[in-house]
Every structure is written in C-alpha cells, then in structure tokens.
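Below are structures written as structure tokens.
Two complexes follow with subunit A in common, the first pairing it with subunit B and the second with subunit C.
Now for the complex of A and B:
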C-alpha cells in the first residue's frame, strides 16, 4: 500500500473515521451537535464541554447493509465516558435491539470512566456493558474497532471484550488498567509506563492478535478498518453467551494464566507461544504477522 | 472557564444552511458550530474557553473574521481548550467553508 493514499485511523477524528468507514454519504447522525447538550457536570467544574460530549452516534451503511455506529473522540478528555456520552451509547445499543441492524460498529477510543463525572460515569459504563450483552442476545453483532490514540482501557477495555469481536490495528491498545495506573499502584519495578515499546508489547494490537484477544489485525488505515469489519461481518452468525460457553471461556482463561503467569514481557509470551524470533515481532508488518500467527503450533 | 458573548455587524451570508461543526475540544484546539441566526446583518458568537482573561484577544480575532467575511445571519458557538489565535482563525475559516458547502 502506498503511504500517500493511506488515511491513518490513529490520526483521524471520530467524525473522519465514520466518514471513511461507512458507504459515502450514508451516515445519518442521531443527536447532532446543534441539538445535543454538553455535559452539565463539566460545566459545574468550569470546564468547556463538547457539543457531542465526545461520542458520535448514528446510522449508516456498510457495503449496502444498515449498521448503527458509535464513535468515541479520543482527543476530547481522552474519550472518557461521562453521563451524556454513556447515555448516547446505551440509547444506540437499545435501538439496535429494536431495529435489528446488520451490526453495531463501536469505534472505541477511550481511557474508560470520565473521573470528573464520578458515579455518573461509572454507572454509564455498567449500563453500556449490559446494553452490549442485550444487543448480542437479540442477535445483533457488536463489533469493536480499536486503533485510536487512547486505545480501550478501564471500563471500555471490559466493554471491548464483551463485544462479539474486536478489530485492531498495531497502534491500538487494549487492556484493563492503563500503564500509568499499574505503575502508580504496583511500582515502576512492576511496570514502567514510560517504556512505550513495553506498553505496546503487552497491550498493543499485535500482542492481542497473537493471543486471540482480537479477531482481526488491520493496518492503521481507515479503508483497512472498513475492509476488516466487512470481512468479519460477511457470513457472521451472532452467538450470544450461554452458561456453557462462559464456563468454557473461564477454563481457557485459567489455562492461559497458568501458562503465562511467569512472563514479564510480551517477548516471553510470544516465545512460549512458539514464535521462533520474538524480538522480530515488533518489526513485522500486518500481513507478515498474520502469516506468522497462521504458522504457529495450535 | 470563561463565557464570552459577541455581536458583530457583518455582510449578510447569501443562504442559510444546515449546521456545520468543525474541530475537536482537544488540548490547544477548539470546536466551532455554525448555525443560521436571526438578524441577517449580525454575526453572533458565543465562546466557552478554558483560558481566562483573553476576552480582548478573542474580540480582536473574531472582529477581524466578521469584518473580512460575509457571515451576517449566522450564530456561531465555540468550545475552546486553549487554542492560539492562529488556530482559531484557521478553524473559523474551515467551519465557514463547511457551512457554505452545506448550502444547496
């Protein structure tokens, strides 16, 4: 792919991502900026809000099929979830239950709860979690797209993993506690948040793909995310969680913890996975990494 | 945060259009929402800015914009996170271009 025709997902705003992700001209925004209300909590704290409270929601088409979309704006307060921000996402997910679109695409770019809004933000995140599961139970696939500068952390990391599938770029990151949080709580000996290469080796898209935490790895390119989401949805059969599937997943995760508990770095995890030259993984491009994963022992 | 309200006389913009949004409330950046206003000869601008004490700078930048462009009949709302005057002028030009582009 020529660099000149690439439109970076990482660098784009939420609105630019939606414009490139959906069929041209098909996007229709719900609660557009002119009618939406900025956060009253931020106003009380004397902070300027955003008209859309940091998330764009609406409907559009992906390859001619109706999809609902929510896109978080990472540049506004780290994409953090406040009360109105969360309510817009929950409303969209409930609409998906009623309307049964082909999918709901969730463009996650968020550090988690907006701490300024405290309990309202925490409640919003838990409502999003419930609403994601309700949409999936209604047969609507919820696809998380993670490739922005804020990644998917905190409550939004959990939300991402509740979705039907995750599409990531190498630049995307997905985890629960963010690097700074781990360093603050457990000390720099446990995790050096300033070591960016280390951060990506344990939370970045390549690591998540090798660990089966995301279903697809794509280039940092808006068209690549579009193609990745389309390919994933072609012939997708939504399988909501059952008690048996949750128990099987628990067993899988316990086994994974036992296998890799002693590892201090993604490099060690990759070696244990059977990667011959783990140090080369960060240098591989997307296609090379996908080929490497296909060659791994299962 | 400081809230500022301005009204500038300006040549009437030819056609009203759907609202247009430009920019993001990120560090050193701002978002600008352009809507059709009431008075065809006036440009109304309201600003929420995180940086206090820059009212006269805002007035100078916005007055230049309203004097040099035909923006009468628009109502402009700005959420600002410490953008410099150059960035404000750039975003105003972008927002106006988007608004004009939406006029059919």
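Now for the complex of A and C:
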C-alpha cells in the first residue's frame, strides 16, 4: 500500500462508496428522491424512514463499461432488507437480465432481514436469491463487495455466496448468524461476540480468503475495491452452473467439512491449511496475506 | 402429526423415504408418476451436513431421473447456531443447496415445498422458498422470529407488535401471512394425495412464468409495494 490517502470503505456511506467505485460522474440513480418513498411499515411503528430505504440502485461505468449497482447503507437500519429495499434490488437484478450490463456490482452491507418488516424482508431475500441466479444464468456476472460495518449476514450472507464472486476487505465479515445471536442462544462459551479478534478469525475477510470463500482480498480503501472489482471482471467469463460444476462444489464442501471438523477457531483452520505461524495472520497486511496464500500447499 | 402419517396421507400408492440425521431422501408414487421426496424433520436446525445431504439428493435426482418432480417436506427451526458452523461458512453451504434447487428447476424438474411443521428464516430460504411453489399445513409455524424475540431485538413493546400483527401480514408470524404476501401458494387443512396432485399440476402449469411471488402478494393485498417498486427500477430511464 502506498502512502496516498486512503478512503476507508468501512467508514464510508453507500453513496461515497459508489462515487469512488465508479468512473467519476458516471453514476445515475434509478429512484432519486423525487420519485422514491420511505417505508410505510417503519412509519407505522413511528420509526424514521429514508427516501432510499437503505439501498441505492442505479447504473454507472467501471473502466468505461456499463455496470448496474446496488449499494446497501449500513448506517440506516443496519442495511437490513425490508419490502421496498428488497424490491429495489430485485428490480435491478431483473433489469440486468434484459439490459445485459458488463456486470452487476452488489455492495452488500447488511445484517439480513429487517425485523420490523420480517416477512416482507425474508420473502424479498428469497426473491433476490432467485434473481441473482437468473441474472447469472443470463450471463451477467454479479460481484459482491463486502467490507462495510454491517458485513453480510443472515439471508444476505447466503445472497453473497450466490454471487459470481465475492471481493472482501480484511474488515469485511461474511457469515450466516451474527455472533450476538449465537451468543444469546448458545451461550458466551460458544461464541463471545465481544471478542472482536475471535469474530474476525471466524467471519472476517482474511479467513474467508484463505478458505476460498471469497475470490479477492483488498485493502479497506475505496480505490482498492474499485481495482479489485476491475481486475476480477477483466478476465471474467460468467459460466452457467452445470451438473459437473455443482458436483465439484459438493465434493469441495464435503471434503473440507471432513478436514476441518474439529476446528473451533480460525487459528486451528489456518494451521491445518499449512500456515506455519497462524498467530501472525491477523498482523499481516493484505499483500502479505495474499503472498502467504499463494505459497500454501495445494 | 408424525412424518409417516404425512407420507402415508400424501402417497397412499407407496413411498420409500429414509431419514438420516433429520434429513429425508427417497421416492414416492403418485397418480402422475414417481416423485423425489426430500426435506427435513423434527424442526431440523440446518447445518453443513444437512445442507450437503439435501444438495446431494437434488443432484442425484437430476442425474438419474431427468424431469422427476421434487417434493420438499419442510420442517426446520432455521440454521444451526454454532461457531464451528460459521467458521466453515454455513451461508456458503446453504447457498450451494439453493443453487442446486435452482439448477434442477432450470433442468426441467418441477418442485414444490410443503411446510409440515416449522419454517424459519435461513433454513426455509435455502430450499423451501427455492421451490417453484410452497404450501403449508394449517397448523404450520412460518416465521422469521417470534414476536417476543422480535420485541426484544427491535425494542418495540410486545403489546404493540401483537396489536399490529393482527392487521399486518408484513410481520405477523404464520402461514396465512406468507400466503397473503405471495410466498405460500395455499394452506392445506390436512395432507392428502388429492391436494398434492393438484399442486403438482399447478406447478407444472405455472413454472414458465418465473418468480411470481410479488404479483401474487399484490393481488392478495399482502404486499402493496414490492411489485411496483421492482417495476419502477426495472424500467427507469437511464440518462447516462
């Protein structure tokens, strides 16, 4: 990393991320304030709404190529999916099927279902899941970018893993149940949600990258996400699922379930992966970690 | 209602369904021919092993019985809540399962899910809600979270949530809410072979239309906004 000024992805708003991710001035929002409406369900609970309902959708250019973008705002209701929020993403993914952009970039920053609109949120996530697969089946790569303060949890964790590829920062977190939920239900001995180092060793970007659960690891920097997404797309060929590809994934997942069955911490998994000094992994910067992964036995 | 009672009622012509680790796999006879039967029982908390077992059965069916309908029996309390499961990216295994169900659909396998007892959040998302159509038995519990837990997390008074739940399918737990919202096609008073056959016919007829749940939600008055908002985004004029 050079000494140029970083613009933290983690701390940025959804709109700041989009401004730095896309070619300057190329972004066009699809439901700007004039035609948007806040969630009536939140209003019914006397909670403040947002005109974009916590997700910005639109089109822009990345390196001169047309891309569609959806960016969740983690600072509004934890980026959680309600009826309007979910419907905007579904509409964008359906648009991708017809419009065939070079890619759909999905800036995920969400705890999953918005409980205040629980049923609408769960169904919307199911619709997003099918729509992601439909966009991919139509040949449009869907790239998830995960590095925000809310990570990608709950149903949005599943959605991220349905995308063509995931780009993460070390600060990003990707999982199903949040550590707080597991601690509440199963006890602090099972998962101490306040132990931030442990949370990152279980759900964080470095762990996911070492385990091939994300395709690329980038610095917590908006320009780094832009470069990471561009590099990934440069040689990308969206391939439809086949029986053979799903069988191969099945074998991979079964194999690692057997290999790492007894592990309870990232440190143990990394040691089993062949990392000589697993305790040093949290201290490595992004480039060092990528080099370490490239040197691992395959 | 026990699993065998349900299987006998749905498939009087015969069924051979094995249960291992709360996961069902097998086949059954219907008046329209054989179907694959798979799913979970006893409020299974879906973990990696269960998700992969289900995914394996879907892939076996695609490989060995082209076009055979998939009947999912859903009884899940959600996802397994454990650190070990998250360490190996449980969302990834659930996504793999969802991909397999979606792949089967694209390969011409009609699919339907019947919620027999519980359908909760992540467990429901990964296979039940991926089927072409979902149905539920009348006493089935379908929800993200019960209202007490929801009150705790949202810090909204339980009484207020109970009051709103009476009029709003948006967050009231229950199969009836999901029907109004378009995600459950119909609620069955009891499992019967006739209802199953009708459902198989319905699925076969409607499956070319894609995901119709938003439209159904609008028609049934449960989701007033989703279809319109998606349409607006889909057709917004791009000035760039």
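Rule of thumb we're sticking to: the second predicted complex is superposed on the first by the 294 of 298 C-alpha atoms of A that agree within 3 Å, B and C clash if a C-alpha of one lies under 4 Å from a C-alpha of the other, contacts with A are read in each partner's own complex, and residues count from 1 in each chain.
We take it that a contact is a pair of C-beta atoms (placed from the backbone, for glycine too) under 8 Å apart; a residue touches a chain by one contact, two chains touch by 3 or more.
All values reported here derive from a predicted model rather than from experimental measurement.
Trainee: Kindly say whether there is room for both subunit B and subunit C on subunit A in the superposition, answering fit or clash.
Mentor: fit
Trainee: Pick one for A:49: touches subunit B only (first), subunit C only (second), both, or neither.
Mentor: In the superposition, A:49 contacts subunit B only.
Trainee: Now for A:148: first (subunit B), second (subunit C), both, or neither, which partner does it touch?
Mentor: It touches nothing on subunit B or subunit C.
Trainee: Is A:75 touching anything from subunit B or subunit C once the two structures are fitted on A? First, second, both or neither.
Mentor: In the superposed model, A:75 contacts subunit B only, not subunit C.
Trainee: Using the superposition on chain A described above, determine whether A:86 touches subunit B (first), subunit C (second), both, or neither.
Mentor: In the superposed model, A:86 contacts subunit C only, not subunit B.
Trainee: Hey, is it subunit B or subunit C that touches more of subunit A?
Mentor: Ranking subunit B and subunit C by residues of subunit A touched puts C first.
Trainee: Using C-alpha centres only, what angle sits at subunit A with arms pointing to subunit B and subunit C? Round to the nearest 10 degrees.
Mentor: 100
Trainee: Which of the two partners, first being subunit B and second being subunit C, lies in contact with A:101: first, second, both, or neither?
Mentor: neither
Trainee: For A:278, select first, second, both or neither according to whether it touches subunit B, subunit C, the two together, or no partner.
Mentor: neither
Trainee: A:113 in the overlay: touching subunit B, subunit C, both, or neither? Say first, second, both or neither.
Mentor: The answer is second: A:113 touches subunit C but not subunit B.
Trainee: Note down the smallest distance between any C-alpha of subunit B and any C-alpha of subunit C in the overlay, whole angstrom.
Mentor: Distance of closest C-alpha approach: 12 Å.
Trainee: Once bound in the complex, which stretches of subunit A touch subunit B?
Mentor: Residues 13, 15, 32-34, 38, 43, 46-52, 73, 75-76 of subunit A touch subunit B in their complex.
Trainee: Report the residues of subunit B in contact with subunit A in the complex, numbered from low to high.
Mentor: Per the touch definition, subunit B meets subunit A at residues 1, 19, 21, 24-27, 29, 31, 33, 35, 48-50, 77, 79-81.
Trainee: Of all residues in subunit A, which touch subunit C in the complex?
Mentor: Of all residues in subunit A, those touching subunit C are 26-28, 30-31, 35, 37, 40-41, 44-45, 57, 59-61, 83-84, 86-88, 90-92, 94-95, 98, 113, 115-127, 129-131, 133-134, 137, 152, 154-155, 157-162, 174-177, 179, 181-182, 185-186, 190-191, 202-203, 207-208, 211, 213, 241, 243, 246-247, 249-250, 253-254, 256-257, 260, 263-266, 269.
Trainee: Taking the complex as given, what residues does subunit C use to touch subunit A?
Mentor: 48-49, 52, 55-56, 59, 62-63, 79, 81-96, 98-100, 102-103, 106, 121-122, 124-126, 129-130, 143-145, 150, 153-154, 156, 160, 164, 168-173, 177-178, 181-183, 210-211, 213-214, 217, 223, 225-236, 238-240
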